[in-house]
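As structure tokens, here come the structures.
Two complexes are shown next, each including chain A; its partner changes from chain B in the first to chain C in the second.
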Partner chain A sequence: MDVLAQQILNGLALGSVYAVFGVGFGLMLATLGVLNAAHGTFATWGALTVLYLVNDVGLGFWPALVLGVLVSGVMAVIVDFVAFQPIRRRGGDLLPALITSIGVWIFLLAAARMVTGATTSRYSPDAAPSGSFDFLGLTLGRTQLVSLLAVAVVGVGLHTLLHRTRVGAAMRAVGHSPMAASLGGVNPVLVVAVTAFLSGAVAGLAGITMGLNTSTVNFMLGEALLLKGFAAVIIGGFGDVRGTVVGGLLIGVAEVLTAQYVSGSLRDAVTFGLLLAFLVFRPRGLFGSAASMQTVRA
Partner chain B sequence: MVSKLARRTAALTMAAALATTSLAACSSAGGSDSNGATKIGLIAAEQGPFAFAGASYLKGAELAAELEDVELVVEEGSEDPAKSITAFNKLTGQEGVGQVVCCVSSAVAGAMKPLATSKKVPLVVYGATTPDLEDPPFVLRPALLPQQGIAPVSARLVKELGITSAVHVTASDNDGLVAQSEAARTSTEAAGAKDLGTVKTLVADTDFSGAVTEILSKDADMVTVYTLGEAAATITKALREKGYDGVILANNAVATAPLLKSFGKTLADTYYSVEYTPASSIPAAAEFTKAYEEKYDEKPDLFASQGYVAVKYAAQGASEAGDGADAAKIADALAGIAEMDSPWGPLTFEDGQGTSEDFQVVQIDDAGVPQLWTGAGA
Partner chain C sequence: MGGFWDQYRSVVEFAMANALFALGSWIAMWAGVFSMAGATFGAVGGFSAAYLDLHMGAGIVVQLLVGAGLGLGVAALLSVLLLKLESHWMAMATVALVLITRVVVLSAEEYTGGSVGTGVTRRVDLVTVIALVALVCYALARLRRSRYGMAAHAVREDAAVAAALGVNPFTVRAVAFAASGLVAGVAGVVLANLLQYIGPDTFFITLAFTMVAAMVLGGTYHWAGPIVGAIVFVGLPEVVRSYVDGVDELMTGALLVLIMVFMPRGLIDPRRQWFRRRASQPVAQEPAPQPEVVR
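Take a look at the complex of A and B:
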């Protein structure tokens, strides 16, 4: 087995989870102008929902995954209507929304802690994908395959939605100027709801795949994803799905290779070193435009 | 006006402090109450991060108290340092409580150690495994250190299973786990297995795909895994899923009931060393198992045996100190115990730390159930 190739594959699988989460996080930031600190909890609640449905209700993993994704999406819509819409109506910008999102974050995190009893669980081994298979001379876990498929579906799907459909055009228009979009016949409230739903649903999917890959589901699951997802958005570029996917994959590969060839204790240092380097030398990220940066600043 | 109020407040505070001190002096820590009943304080962990083990610890402790005819005074500490310190102060403020049994985690035991030493009240540690925690006569640990069993068991596996090479996995930011991994590394190497290196993870890690690839790349006959229980189970599962069919010796924390339930047969064929299992052939273990089953109608686990041994040891100390002995005398008596019988075999003490020669080897079977391993030819 070629260790380097195998580790790159492991890194891509890990990075695909970060990428999926980052895509949802970036969608909310670029389109709705919300730097949502509570976004990690959508991932946590998605994973907890699937855990409950699989282990306690006895539902199959795949239908449970769909329901978990839906629950996270609906949760994001509710949070947006309760916490962010009032700020938007008053013309508030990034900072009030960020402060509000911290309150939502604390509430949802505490609720997750309460329902889990602060213990760690995992999907029943017989009910969730497990095992591995050989792929081009490398070994690929079925849980890793789920993550890679997830990033492919989410990346291609969201990019196509945003750039090839009328819904995507409406989302981008609302992200640029809700008033102008409204004058053009777009219903901003509906578009915001759809965007929040997609953003939360994608976070839920990331949480579910993270729980699957690490055999660990607890109330803190989404918190690690939050920082890595944010780093993926910065590295890839605000508002660009392709960039966030590449950023997430890059972080995953960098983490795994650092652990293999340098030191496991430097994994996070490399990730956040990359983040810092992009913020200082190329703040628009790999694929971001100056215009998208302006949107965020505005 | 303000200064008068401040003086009055200060005077009231002083009076309250004096009254508290006087009351504390009246109930100064001693080993028995005015009726002569021997009392032992216990800080329980039925809630909090170690709740999965806390109930078993308490049941074992209560069984020992019943058999040794001592009164157990229980306060919940939830394995939280602040709560445990409050519980310790409350227990030692009660009449007749001359010693306290506590602590699953090393962090809490470390927080309690200076308190016990400064208050001169013996602390009997029932679970924490960080090295050098014991400090007689006030901090004593009958609980065995895992590395005591890891060394002979890993050497035995190397010899009986014909292992020629081993790779080791540890959580490099946890001293206790590093010590356990080091014990496995040195003993397997001494027994003839080539050391192929140590793969380092961190306690907070949840993704082990890179570590597993690194382990597999070594192509070793044996992998020893000394990380926290969840991580050890996750790594073991990932190794098996990726086709590793060699010997895996892991931290015995993989065999806690919650992990066995959720990982099940994915842990099949994993070995671990442990001082107690219900299947143990040690006579005192069989007696303990029988008494426990009669009292609770369930099988005891390792944690129950640790609670049992700690209270048995504390009761022996109180008994040797004599009726009405104060905390200092009990501490001296505890520190003076050189040997006692236990479900872990004859337990000997050196500088307040229990040791045993009778560690068991357990192998998880294909159904995910731990079974006593009696040797390669059995």
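Take a look at the complex of A and C:
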């Protein structure tokens, strides 16, 4: 029983990283209409920034985390401006934006490999949170606590932003129809930039916590996140922050329990099996509505 | 000239193998199905070729026939499951399929070698690969103006109108998807023979991205598009690498973005004037001008 409870907690901690990434990825998909293959590299670059600041510059972990998140956000704005804006302006569909995002992915991945020299490192243990403590009779690592806090902050924050504020209303309006939004007095260019920033920043946060939890930072860090985050978005029902969070946590728990009770090699099978099953039999996901499917079709 | 061939022979071979994959994706795209599942069918072809080679010593002809047949069969089975999905979900489902392919390859150890992978005796040469590409192109060129070709084009442009004209969009798409499986299966056999080693990451997301990028880069409105796209996408970085080291991938990425931004319909576009004069036959109608939308 204790083992089960402990593994569920571990699963939630793992899933919270997927969930945070998925929220950012889903924001870009639902609002900007881009299935962004390069999103994982935003996470990688966030983690690499923190790695550089903590290990080489000697900055504390928390200021480095803030700067890493900012770097990922700004990177997403630049990428959106260079690679996605020209296609959106033409009224393009999902396909050309997917192809340019593949180009960006190749570029940023190769650049990450060049700066790291394809080596694997980790945040300096003196600076980064480490160790563990007792939590209701279970063991909770401080790094796990960071990712659980991250999903709480991002999930609640972004959901509130989207549904309780004017900026959020503008973002949803632009996601639904940019032309109607601009007729309603929304500046779509600004809203797109804000959305891209948030989506990249959240991906950066996911990458940083991923590096913290696995104690490994390398140029491939974001690739696993991209696939798992994609699964979280689809399973949760995209266009819905709550759904993505639940989807991510579900995947995390399912993976850890599969590894514990069935076989470690079947972890990915469970996640991607769920992904395909949802796509084929319930494309709207757990929480999505038919209406949210319309936005991407446009 | 001899020196040129020695230096670039393998580049041409890999470009042609990728051209086969891109042609496979293009055949599905012909009927409006955006699919990355070519990597899955490639894995089916590649690993069956490796198995035939290792356990039966089968020659290339047997390998190609089996790869084509299995690719066709698997694609036909999957088309029942996937083609009912709305287009973007279909595209994402093919991504999911590629992700699952790796899991299957890893767990079916006695057939695929699991995480270690498996070796293949090389039994193809450049002539065979080029001949295969030429064969596919010949078939596509003949089909372009055929009843099926017109139907596929109509389904891609507007499935509802095509249905009203008596074309069954589902059948047309299913045939295109199965045919794309056949070509991708053949491409998998070729790639396995060229690489002489295949593992779980050979037929994974990078290959899936490469084939669709090559297809869109070259142009999705003519069968020559994917071939040109594969040559540019695979060949150019290799040529660059022999002069400047380390920047080839950065260049590939940047090039892909630039071409998509400035030539959204790809390098080969039958709508362009230069092609019209040459072909002197009716081409696709201009779609209604899109309103300028700033998102």
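The rule is simple: the second predicted complex is superposed on the first by the 297 of 298 C-alpha atoms of A that agree within 3 Å, B and C clash if a C-alpha of one lies under 4 Å from a C-alpha of the other, contacts with A are read in each partner's own complex, and residues count from 1 in each chain.
We take it that contacts are C-beta pairs under 8 Å (C-beta built on N, C-alpha and C of every residue); 3 or more make two chains touch, one makes a residue touch a chain.
From a predicted model like this one, the values you see are computed outputs, not experimental measurements.
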| item | value |
| --- | --- |
| Combined model on chain A: chain C and chain B, fit or clash | fit |
| Touched partner set for A:Val115, first chain B, second chain C, both or neither | neither |
| Chain A as apex of chain B and chain C, Cα-centre angle in degrees (nearest 10) | 70 |
| Which partner, chain B or chain C, touches more chain A residues | C |
| First, second, both or neither for A:Val156, with chain B first and chain C second | neither |
| Touching partner for A:Leu190 - first (chain B), second (chain C), both, neither | neither |
| First, second, both or neither for A:Ser265, with chain B first and chain C second | both |
| Smallest separation in angstrom, by C-alpha atoms, between chain B and chain C in the superposition | 6 |
| Common ground on chain A, meaning residues reached by chain C in one complex and by chain B in the other | 265 |
| Partner chain A, residues of chain B touching it in the complex | 48-49, 51-52, 172-173, 200-202, 205-211, 213-214, 216-217, 230, 233-234, 237-238, 241-243, 258, 262-266 |
| Chain A - residues contacting chain B, complex | 1, 3, 6-7, 10-11, 13-14, 117-122, 124-126, 130-132, 139, 141, 144, 210, 213-216, 224, 255-256, 259-260, 263-265, 267 |
| Interfacial residue positions of chain C with respect to chain A in the complex | 34, 81-82, 85-86, 88-89, 91-93, 95-97, 99-100, 102-103, 106-107, 205, 209, 212-213, 216-217, 246, 249-250, 252-257, 260-261, 264, 290-295 |
| Interfacial residue positions of chain A with respect to chain C in the complex | 32-33, 35, 37, 82-83, 86-92, 94-96, 98-100, 102-111, 114, 174, 178-179, 182, 188-189, 192, 227, 230-231, 234, 265-266, 268-269, 272-273, 275-276, 279-280, 283, 293, 296-297 |
